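Below: the structure, in structure tokens.
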Amino acid sequence: MDHLRIEKKLPRVAVFDFTGCEGCELQLANKEETLGAFLSAIDVVHFREVSSAEGDDYDVALVDGAISRPDEVERLKAIRQQAKVLVAMGSCACFGGVNRLKNAYDLQEANREVYGDCPKETMPTQAVKHFVAVDLEVPGCPVNKDEIERVVQHLVWDLPLCTFAYPVCLQCKQRFTVCRFDMGELCLGPITRAGCNAPCPAGGLGCWGCRGPAKNPNYQEFFALVKEKGFTERELHDRLGFFGGFEDLL
Amino acid sequence: MLFRILGKDQFHALVEIILKSNEVIAPKRIGAKANGQPIHEFLPISAFDEMDLHYRSTQYSAKTYFLPYQETLSTFRLHGGDWEQEIAYRSEPRAIIGLRAYDVNALVKLDKVFARGRFPSPYYISRRKNTFIVGIDHDPLEDEFSQSMGADIVTHGFDLFLTDLGDRYFVAIASDHAFSLLSMVETAEVTDDDTQTYKEVRRRILEGFKTQINAKNLPNLLDLEFTSEVWKKWGKKCLSCGSCAMVCPTCYCYGVNEEVTMDFSEAKRVKQLYSCNILDFAEVAGGHNFRPDHETRLKYRYYHQHRGFMEDYDEPKCVGCNRCGRVCLAGINPPAVIKDLYEEDL
Amino acid sequence: MSISEESRNRVNLNVDVRHLARVEGHGNIKVRVVDGQVVEARWDIVETPRFFEVMLKDKHYTAAGILTARICGICSIGHCLASVRATEDAFGVTIPEAAAKLRLLAKHGETLQSHVLHLFFLAAPDFLGLPSAIPLKDVNPEAFALAARLKGLANRVCDVVAGRTTHPVSIQVGGMAKMPDVQTLLELKAGLERGCRDLDAAIELFRTMEIPDFVRETEFVSLKGEREYAFIGGRLLSTDGVERPEASYRVMTNEYVTEENTSKWCKLSRESFAVGALARINNNYHRLHPKARAAAVPFDLAPINHNPFMNNVAQLVECVHVVYDSLRLVDELIGTGPAPIMAEVTPRAGQGVGAVEVPRGILYHDYEYDDQGRVVRANCVIPTTQNNANIHFDLKALAEQFATEGMTDEKLELLCSMLVRAYDPCISCSVH
Amino acid sequence: MGTLRAYDVRQESTMIQPLDFNDRLGLKSVDGVFKAEITNVIRLTDWEKLFHLRICDDTERQRFSFLPGQFVMIEVPGYGEVPISISSSTSNKGYLEVCIRNAGTVTNALHQAQRGAKVGIRGPFGTHFPLEQMEGHSVLLIAGGLGLAPLRAPIYYVTENRAEFKDVHILYGTRSPDQLLFDYQYESWRRIDDVNMQIIVEQPNGSWDGPVGLITELLDGVEVDPQQTFAIVCGPPVMFKFVCRRLNEMGIPMDRMFVSLERRMQCGMGKCCRCNVGATYTCTDGPVFDYWSVMNLKEAI
């Protein structure tokens, strides 16, 4: 920030992936208009998906994916030791994500079903914060690249980071979307943290709550109105349990 | 005000003329809800037929064409140790056709905030002055209470205002701009017969309001009922989602955020419409929140609509369109809330 | 013993790559050459297993596509398409024509974005001797801008049609939830036209890349293009002459579990087969858009090509195909005007299969439903699963061919890595 | 041509003056800022710094004037804009001083900024303390914590026009001695300006030998004629609530006590509504209010 005479820092950033689809990492390579500038603003020392360079002197670790095997726990702990700031990136890292759905089943049986007589090592899927301290959570399935840019700017230059004190509804309205409830569908928008810019309702799909709970959500009223509109417990339950953000409610 | 009679074919011709070199916004059918009700919104049209003047209501109000949800207030070009600020206003002309009386009145109220006073907003004024407004009479909706808010009759704030007399329109002309535009098509003098029909239509409209709220004593009542249980009852329902303020034609409060490009060449001040129902609306540094609960925030929205604005401008801010009531998933709507206030003992 | 054999006997090489970079997911390469003999050449997938097939159980059909999209962040559209197709097959739903066009358009968007990502960001650094594409923005800013533009275009297509690039929202059982308006389509068209020009430049750029001279004869499996170059559904075909309907995908894959891998392996007529861009072109060369076929000429890509490194070229050729075909689709969609895009869906008990050509090859989803529209049993066969055995045997052949004097561990490691990358493996996908 | 003529606001360009808030006519570029240079940064405590700002453009600088109690919006490009009271003398036209606590994002950026940095300022905004009206009376200037920052402008006014005022008392309280602001000025206020300056802290540390307790306790020792006295109270709401209550008990009428309110503000112009309390905009109707108005403002404190 030259105009403030503040020295510009080039943070060393590393990206690590655990159990997940790597969609969040892919977002880092998105937003083509600013990709070059984004990559110039940071020093990528480790990012296996796009680079064979391997460094372990990083300040910021962006971690995506959930933890579902003992070796991942070890790897994660080592990363925590090294990183000054650890960011959980995406719903898998923040809440366990869809991968957490397997926890509802008997893992031995699951193993038998998929791998027959050659079972593979696995354990119940958990969020990153379950094992190590997380400095910043950026939920989303996948994360929103805009938000990642803001996060990087925040970490590096202390630029303001919007924490979205409102649910998805507001962003939905600001895109002129027709409310999914009007279309006879269920939507978790009213209790889900905004910041995704509501792509799902705009694309014709009620929100599934991938960003987890909004700040201070009004669950009581929301559950009441969902019931009143004729949705079943099970439908609601299916949604709340999908990405793991509302786990505490279930 | 001048009045004229405009044949419907001539109205068509008039719209085509406007369309030729201006952006035209009009109610457009965009689909249907699950219950079969058509959905209309104010959207750009490219042909006369895309417009549906017999719309019931639009979910979103036309305020977005004056106060967009997101707007860049200024841009800072950062270079070296210095910066330059740039400010730009919109100036392309635009016409909005098919606004109802309450929506025109909503603009008149916004004018008071943004075009008058000590700090008129150039962003708003540049849009407002470049927008040609054609209003139209309508039969009141079931849940609309614009009459109670004194917003069902419109006397200014538009360029043309139409009343449908069946095969022709009765037109009120409110600007020289509109007058010269009308001279491009054929119009007729108003005959006694026309006046008669017009009066009948107007009477039908005036008598057609089904929802009324008692607004007379409202400012006083709101003061008295400041700690009323009514706020608890409705506040408990509020999802603090801000949808009501987004669709409201007169809610205008906002927040400002700064965005910087990744290469630090540019910073932008972006205004985003906000809502007083949102959790951090009155939160200050250090975390103190003047309105931490749903109840208080909801109350303040009503307080501003029906009392605060009244003190400043001698009229309520609400125009009684009930868009907020319709959009609210929790079913919070002004007629019900205000009725409760009158009947306090819950 | 000839001199060359003698010198060969002195060759000792060791390649041990843990968590190969610039591929999606975690895989290891191990090659050991002792006294000129390849004693070990392995491709192992160590990605953490996720058990999607188990998770799918009991899920409502409306959730199946949303869930399976999360199998893979890169080909989420493909997974979603295979999923809804399997469900539609089970319920006996035929989707409206306009929806089918939109789906293909979304598919094209994904193919383009994945191929561009692979070509420029994952594969190109090897040819340029860079650790990643990040320095490319300084070394060759035009190439970087070109890649960013093409990827941007691809993402735009997906955004507009599927609602999002990663994890689509508009692709739903019965059709599509949203039709982009004409204005948006026109903008898209302009973007695609620009994309055509950008692709010309990309072809120029990749002409200089040197494809290792390596051939191992194998079998190639893909959808069979009946009238057009096939991406969504249809019959299954192999270069060894096997042809089956979509529903008989198990016959075409024969999945089996190996001890060391968390991903399964597959075989058909031989010990392994390959799927992907090269397989598609080998099977459906003549259905490619003429512009795409023209693009193949300078690279000497013609069926049946048995050099796995040529998959990179095949991807480039497919980029040309999908951009031109997208132009056609956009034009047709603009011409159609408002049309139904969603069919009535009534869940019923039954089973269905959906086969879709995702960037890395053919993908199958197979679901069994109860009468409430909830999944009873699910099976997904992923392209990388099908390629694994082929990669494994390729590595061995590659090591045998290149284990000559002058070869170093580093050079061999690069060659092996390049080989694996050429398949553009999608590992997290294969261990779903 | 029967089309609408484009109404070009640029036709009114003569009206869109470069920012001039003291000229209240016509269309104004209300979001335009004066560019100002931070000419000096003075560390006051661990949390507060004093900034000297100089408006870069000569004519803009000459046009800029303000009244004690008014605030400006300080724009830190890239970070945001915050309302900050002007803490310097109204008679110093060359530059203005602002005292800023590191409380969040923007203020933190300001704390990082070095001499020579360029920020923007908009304003001045809001109401002021009616000091002309107070002339001929005694004044009580009472501050708690950071409240001394906005109080400095009235203090300068009073000391620069010392002859116009009868008794002048400055009462200042903070939590601990290390939070005392502007300690280098106390002596000059006392000795040069003939001000009764008293300080109290809540939690003394080793070296503190002054009074200990709440600020209201200082009032016990102050003798004033309530009918001839005005009071200005700056500080956190709890503090001014108790102080004003006490002053009222002493017999000072509520409309002669003035306080400065703080609310979230994003525009400073009565538009964003963030500072709105019912009908009152803290930014345009305030921040300076007499205590009677504050009492009538629902939720003021």
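A, B, C and D are the chain letters, set down in written order, and residue numbers restart from 1 in every chain.
Simple rule for what comes next: contacts are C-beta pairs under 8 Å (C-beta built on N, C-alpha and C of every residue); 3 or more make two chains touch, one makes a residue touch a chain.
Note that the structure is predicted; figures quoted are calculated from it, not measured.
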item: Minimal step count in the chain contact network, chain C to chain D; value: 2
item: Result of counting contacting C-beta pairs for A-D and A-C, higher pair; value: A-C
item: Innermost chain by mean C-alpha position; value: A
item: Length of the line joining the C-alpha centres of chain A and chain C, rounded to whole Å; value: 25
item: Centre-to-centre distance between chain D and chain A (centres being mean Cα positions), rounded to whole Å; value: 43
item: Centroid distance [mean C-alpha coordinates] between chain B and chain A, Å; value: 37
item: Touching two or more other chains - residues of chain D; value: 77-80, 116-118
item: Multi-chain contact residues (two or more partners), chain B; value: 78, 81-83, 257-258, 260, 264, 283
item: Multi-partner residues of chain A (each touching 2 or more other chains); value: 1, 3, 5, 40, 159-160
item: Chains that touch, pairwise; value: A-B, A-C, A-D, B-D
item: Residue ranges of chain A touching chain D (in the complex, touch as defined); value: 1, 3-6, 157-160
item: Residue numbers on chain B that touch chain D, as the complex places them; value: 17-18, 20-22, 73-74, 76, 78, 81-83, 85, 87, 89, 91-93, 95, 113-114, 117-122, 125-126, 129-130, 132, 177, 181, 184, 226, 252-258, 260, 264, 267, 269, 274, 276, 281-286, 290-291, 296, 300, 303-304, 307-312
item: In the complex, chain B residues that touch chain A; value: 30-31, 33-35, 39, 41, 59-60, 64, 69-70, 78-83, 236-243, 246-247, 257-258, 260-264, 272-273, 275, 278-280, 283, 294, 327, 329-331
item: Complex interface listing, chain D residues touching chain B; value: 1-10, 16, 24, 27-33, 35, 75, 77-81, 103-104, 107, 116-118, 120, 262-264, 266-267, 269-274, 276, 278-280, 284, 298-299
item: Touching residues on chain A, where the partner in the complex is chain C; value: 18-27, 29-30, 32-33, 35-36, 39-40, 44, 47-54, 68-69, 72, 97-99, 101-102, 105, 107, 110-111, 113-118, 120, 122, 141-142, 199-200, 202-205, 208, 235, 238, 242
